[in-house]
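These are the structures in question, set out in turn.
Here chain A shows up in two complexes: once beside chain B, once beside chain C.
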Partner chain A sequence: METKDDKGISRRAFLKRSAAGLTILTVSGVPTLLRAQQPSIKIGAVIPLSGNYGFLGASERCGIGLAIDEFNSKGGLLGRKVEVAEEDCATDAALAIRKAQRLLQSEKVNFFLNGGGSSVSAAMADFAKKEGAVDMCIDPNSDILTGEKANRFFFQVPPVNYQIAHTIAPYVAQNIGKKWYYFTHDYSWGWTLTESCRKFMKEKGAQEVGESKIPLNTRDFSSFLLKVRGAKPEVVMVNVAGADFTAMVEQMYEFGLHKTAKIVIPLEDFEDAWAVGPEKNSIFTLMGVEWHYAIPGVPGINEFVARYKKLFPRASYPVPTTNSYNAYMGLRELLRAVERAGTLDAPKVIKALEGHAVKDSLKRDPTLIREWDHQFVQDFYYFRPKKKKDMKDWTDIYEYVGYGKGTDNAITKNLSQARMEKLPGE
Partner chain B sequence: MPSGIDFLSQGINGIVLGLLFSLIAIGFTLMLGVIGIINFAHGVLFALGAYFAFTLRNSLGFWAALIISPLLVGLIGIIIERLAVRRMYGKDALFCLLLTFGIAMSGEELIRMVWGKLGHSIAAPAFVSGSIDLGFMLYSKYRLLLAVLSALILFLVWLFLEKTSYGAIVKAGAQDSEMVAALGNNISRMRTLVFGIGSALAGVAGVIAAPLWSVRPGMGNDAIMPAFVIVVLGGIGSFWGTVIGGLAVGLSVSLAVMFFPRMSDLVMYILAAVVLLFWPRGIMGEKSILED
Partner chain C sequence: MRRFLKLPFVWMFLFFLVLPYLLPLIKGYTALASEILIYAMFALGFNLLLSYTGLASFGHAAFFGIGAYAMALTQLKLSDDLWLGLLMGMVAAGFFAGIVGAIICRKRGIYFSLLTLAFSQMFFFIAFRWDEVTGGETGLTGLRRPPLRLPGLPAVSLTEPMAFYLFALAVFMVVMILIWRLVHSPFGSVLQSIKQNEVRAKYLGYNTVFYKWVSFTISGIISGLAGAMFLLQQDAVFPTYLNWTESGNVVMVTIMGGGVVNFFGPILGAGIFVILQNAIGAYTEHWLLILGLIFIAIIMVIPEGILGLFKRTKTVQQ
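Presenting the complex of A and B:
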């Protein structure tokens, strides 16, 4: 016998309608609603927004934004939105660790990205290992990051100094000059770059005629420039970066150093080159560059630049820089690894990253995420200053010369100090 | 071992650098010695001078920028003094230090908002672009101009302090402001003027330094520490102490590069520490606000 409630609907009819309604909701809307309530996947970005490398953060923000947009615009990752929690490390290792700790404890971030120079990243490598959190290092190039600091939780996106020197130094010795003077930034990155250049310089029969170690935050280089003249070098290798570098270029130009020696910078950031302007940047004979927005013959690069311009029409830099690229590539590959692993579990994500070949690397050759030191093994390029008449705008200051493959020039396992630990459960 | 030519080259360069350091520090010492405040906003006023020059250089040229930028910075200094700093007179020096530190932080952010994060290059005037052969060394023509300009501006400040009646009042105000006020002088206006002059001097140093060190939002930090060290080294409030302190720092930095390049950034602090061991008030200093 059917019973009816006060509004005239029988219990059976009510149950049928409820079941039908539940089915419809289950099939259509509810999972979406539930998914929407799931917490976002949070990336803790400890990047430099002030200090000697403060300008890098502006580029890195754009790269991070591009990667996040790529996933969120197709519905997120594992059904969850991806978002970034950003902190300024101010190029200070101790501060970076305090900020990372806060991001982990208060913001509950799932993964980290870090930049801000090698001292910050060396500290972040230890932090990642201690906390068991995956960290993608997106701007420094010191060899210790894939050597003594290498660990299973830490991934090095940009090429390190050994590879940079291995690409640039033989070319310089064979094509530019044999008597070299070094300006070395007096910290881990500068030391290791000069040390690596020295090794390949000697192998190619060039000789060193002097070195000046430049303290961090030096503003006046006049005394150093007077000193270098006495050594009568053919080539001056400038292993100096950041705001110190821009001040140094101003003064090299002022003292006319380029009239008495060829000046080479094994690694230059676009931001630095643009800051000094095309005329002063033309004192260089050769510049090493990690990536360029107009490398000839690379598929996908124009679309990448177009997406950047569309997403950031008012960015500080109108085209993506190497630092935007590294931030984008590091985060994109991390998120793709999460997708492949189907989980946020750090050991599984690490295994999805290790040994993975990135075919759409936006470089000439695929990039390999090497298993035994976590280096993104990739091409490295060298350019010369473009002639003024050929420049389309103020950003267009480089002319492509050539490149070296990462697989030919990156450090080999027998020379590396990387000693990877086992992950839990291995 | 460096040769005699090396010593001569680095010595000349040290004097030029020292004149620039003295110019950076002279506004700072005026404010500290006369008004008795430690103006941590000195660096950001230096940066503003450079940024105004960056804006004006292309349209009006270097010489117009050299005159207009310091005037604008001086005006900003007067506004800062009238709106904020004057409320701290007579209170613990720490309050003013914190206030000016806050002004420096917000000023730097304001620079980022107006001119962006990217650094900029300023070209030296065409007639001093490049280097000159002095026979024993090639030297930057702009630095020679910088030395002349710095020496001229320091001389003008000295003339103002020593040879004008208002300068005499300013100096007397530094010794005993109550007595100066009792004699019918407007001490409040004098303080505003000194703050304005000190700010303009920071601005002119920024304009002159800009073609050398490039223009960046954080460039004020490059000025504030050397200024503080030079003033302490030379003696609080002493004009000649500041000039001597600036030259000593310039020479020591330059000569250190010959022997210990890695120490070149530390040498000014070591020099200050050694001097203070023997002359606790600096080379030409007298009792100051730092001892209250």
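Presenting the complex of A and C:
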């Protein structure tokens, strides 16, 4: 009688082995099941990994990693592991909402974190409110996020345009020049930044000699550059972002605009500056940055940089940037608020965040999470390009000039459009 | 009963009824199913122009976006009524499609296509920069799904994903049957004759420009309805809805599914596109690259699209 088939195993033997295998699996599966009773705390991160601001996502991912590592390495949060589920929003608001819906419905995330520019964030602000889920917004600087879009579930980690202009414009008017020309990116973000700069420019007695509105996706700046030269300004304020910015810098450099006027960037990302390179970056006189890895006199900043280097030895950027900082700060403060509240319940976490002062802000002054518009009120810095001989490596291109306190420069309640709703049960 | 079961619509309806329960198996969810229906509606409207009239529009996202904006503005400024919103979406999209169509329907081939692209970019920039009306870059958000009111029945809330899905399914079925009727009517035959040989159709006494214009406008209206439905699905509208990349997506969806040779092609294409976008996107940030490669592979292997494999010519070339 044939007991073994061609494949070399009898039916009986197969059954026996399967039964044995199943037993082992079940037994070894028990600890997993026990652990599974304490599911991890899930953060849904809707960040840009492709599209216009694709480079931001790479930095943000590192910041998120740092915050999560901080909690998991000390045994998690409320006895549970913290975990992140990432989705690419490709800088597209419609896509971001779709991804957030997916994270909520099929990944069952507890909290959100979002980047990807102001349109994605405005959409996420409404989404957070509608779904009753806390969202920390980590990269845009649009005023509407702490104005008309402000709501109890949405927190704005970076400073917004009003504060940036309030810090930079008076300094430029007093120390750099009085006749200003604006390069304004021709959509809401550019308009509001120029508008705010204008307000403080006038207050400090400087005057405007012209403005060029730069359409989105401009690659040829020659006509604008000729127009600037004709206006003979002392200062050119550049409120242009993204890939257009990089193209513009190349052409300004070729054109030699920096020989006739001082060029000021109220808000710059390191990622953009590094892409342009130190040589071309030296055409600027002053640039505003939200955070820098070598702000002098800030306790804990060196340890933070060291931790970053240790955790991400092969990251695309060897030092943390503004965007990794913002992602880290947003997520760390959210998780700390969960710890203080002792629960994942959104209203309780929101109350733990509201009015909280972050002492170890990695900036000169503590950061305050403001109750009435959910702005992280913090310092804003200005730097200038370093001399070539002083640079230690390709990332080391700025030197510290000064800063403005958030408490002095952020928008005040009587000017703000923020109207917060009441939480259920308040 | 047997004859009834032979109808493809019946099978499709049954399939879509169970779809929300199948999607979780591939990390999907109910809202994704609604999106497939809405996208399929948009692609069917687009295909009326592409495969039945022989006009390749590279700017159809404009009408989709206009429909969404019109619905949003109706809700914000006028009334919260569901039917009025959808109607306004169709009217606005039809109005602009009518104007654009009147200007460009005399053009043929590549000139026609390029003009559609140009007009759609014009609408995109208007939406992107007219902050006071369209909300500019950040679009119009924070809208809501009004309840469904039918005469003689109590109002039904559509906030639950499943309720909205069933509503979307009903709208989709109606639109699909209407388009089916249209392309199989004498009017549809004229359109197909224009696709095959416009000069000959003209000599037969048909005002081909007028027919093309009607087809363009109807296609715009359907796109507008799909856009308005998409607004309900997302509770928000952004200028990116009108961008040329979205116009490109609908071309891709239609061709990939096999719309050129089969009436149901765009529906299959929409399903594949939305699911892939969701599934690949959950695993890698390079999902656009993979999606592009899949598209290239399909076009290289089966130029007529996926349904071209099974039923060449059955419905279109009658």
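Note that the second predicted complex is superposed on the first by the 389 of 426 C-alpha atoms of A that agree within 3 Å, B and C clash if a C-alpha of one lies under 4 Å from a C-alpha of the other, contacts with A are read in each partner's own complex, and residues count from 1 in each chain.
In this section, contacts are C-beta pairs under 8 Å (C-beta built on N, C-alpha and C of every residue); 3 or more make two chains touch, one makes a residue touch a chain.
Here the structure is a predicted model, which is why all the values come from computation and not from measurement.
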Touching A:P318 in the superposition: chain B (first), chain C (second), both, neither?
neither
Considering only touches as defined above, state whether A:P366 meets chain B (first), chain C (second), both or neither.
neither
Have a look at where A:G210 lands relative to chain B and chain C in the superposition and call it first, second, both or neither.
neither
Taking the superposition as given, does A:S50 touch the first partner, chain B, the second, chain C, both, or neither?
both
Return first, second, both or neither, reflecting whether A:R98 touches chain B, chain C, both chains, or no partner chain.
second
Once the structures are superposed on A, label A:G177 by its partner contacts, choosing first (chain B), second (chain C), both or neither.
neither
Once the two complexes are aligned on chain A, which partner has more residues of chain A within touching range, chain B or chain C?
B
Counting only touches as set out at the top, which of chain B and chain C does A:E87 meet: first, second, both, neither?
second
Which partner chains sit in contact with A:S118 here, chain B, chain C, both or neither? Use first/second/both/neither.
second
With the touch criterion stated at the top, can you tell me which chain A residues are shared between the chain B interface and the chain C interface?
50, 186, 216
Tell me, which parts of chain C touch chain A in their complex?
24, 27-32, 35, 128-129, 131, 136-139, 141-142, 161, 234-236, 238, 240-241, 278, 281-282, 285-288
Quick one: in the complex, what on chain A touches chain B?
50-51, 54-55, 58, 186, 212-220, 222-224, 226-227, 229-230, 243, 246-247, 250-251, 254-256, 259-260, 271-272, 274-277, 279-280, 316-317
Complex contacts: residues of chain B adjacent to chain A:
3, 6, 9-10, 13-14, 16-17, 116-121, 123-124, 130-131, 137-140, 142-143, 211-214, 216-218, 222, 253-258, 261-266
In the complex formed with chain C, which residues of chain A make contact?
49-50, 57, 87-88, 90, 92-94, 97-99, 101-102, 105-106, 118-119, 122-123, 125-126, 129-130, 142, 144, 149, 186-189, 191, 216
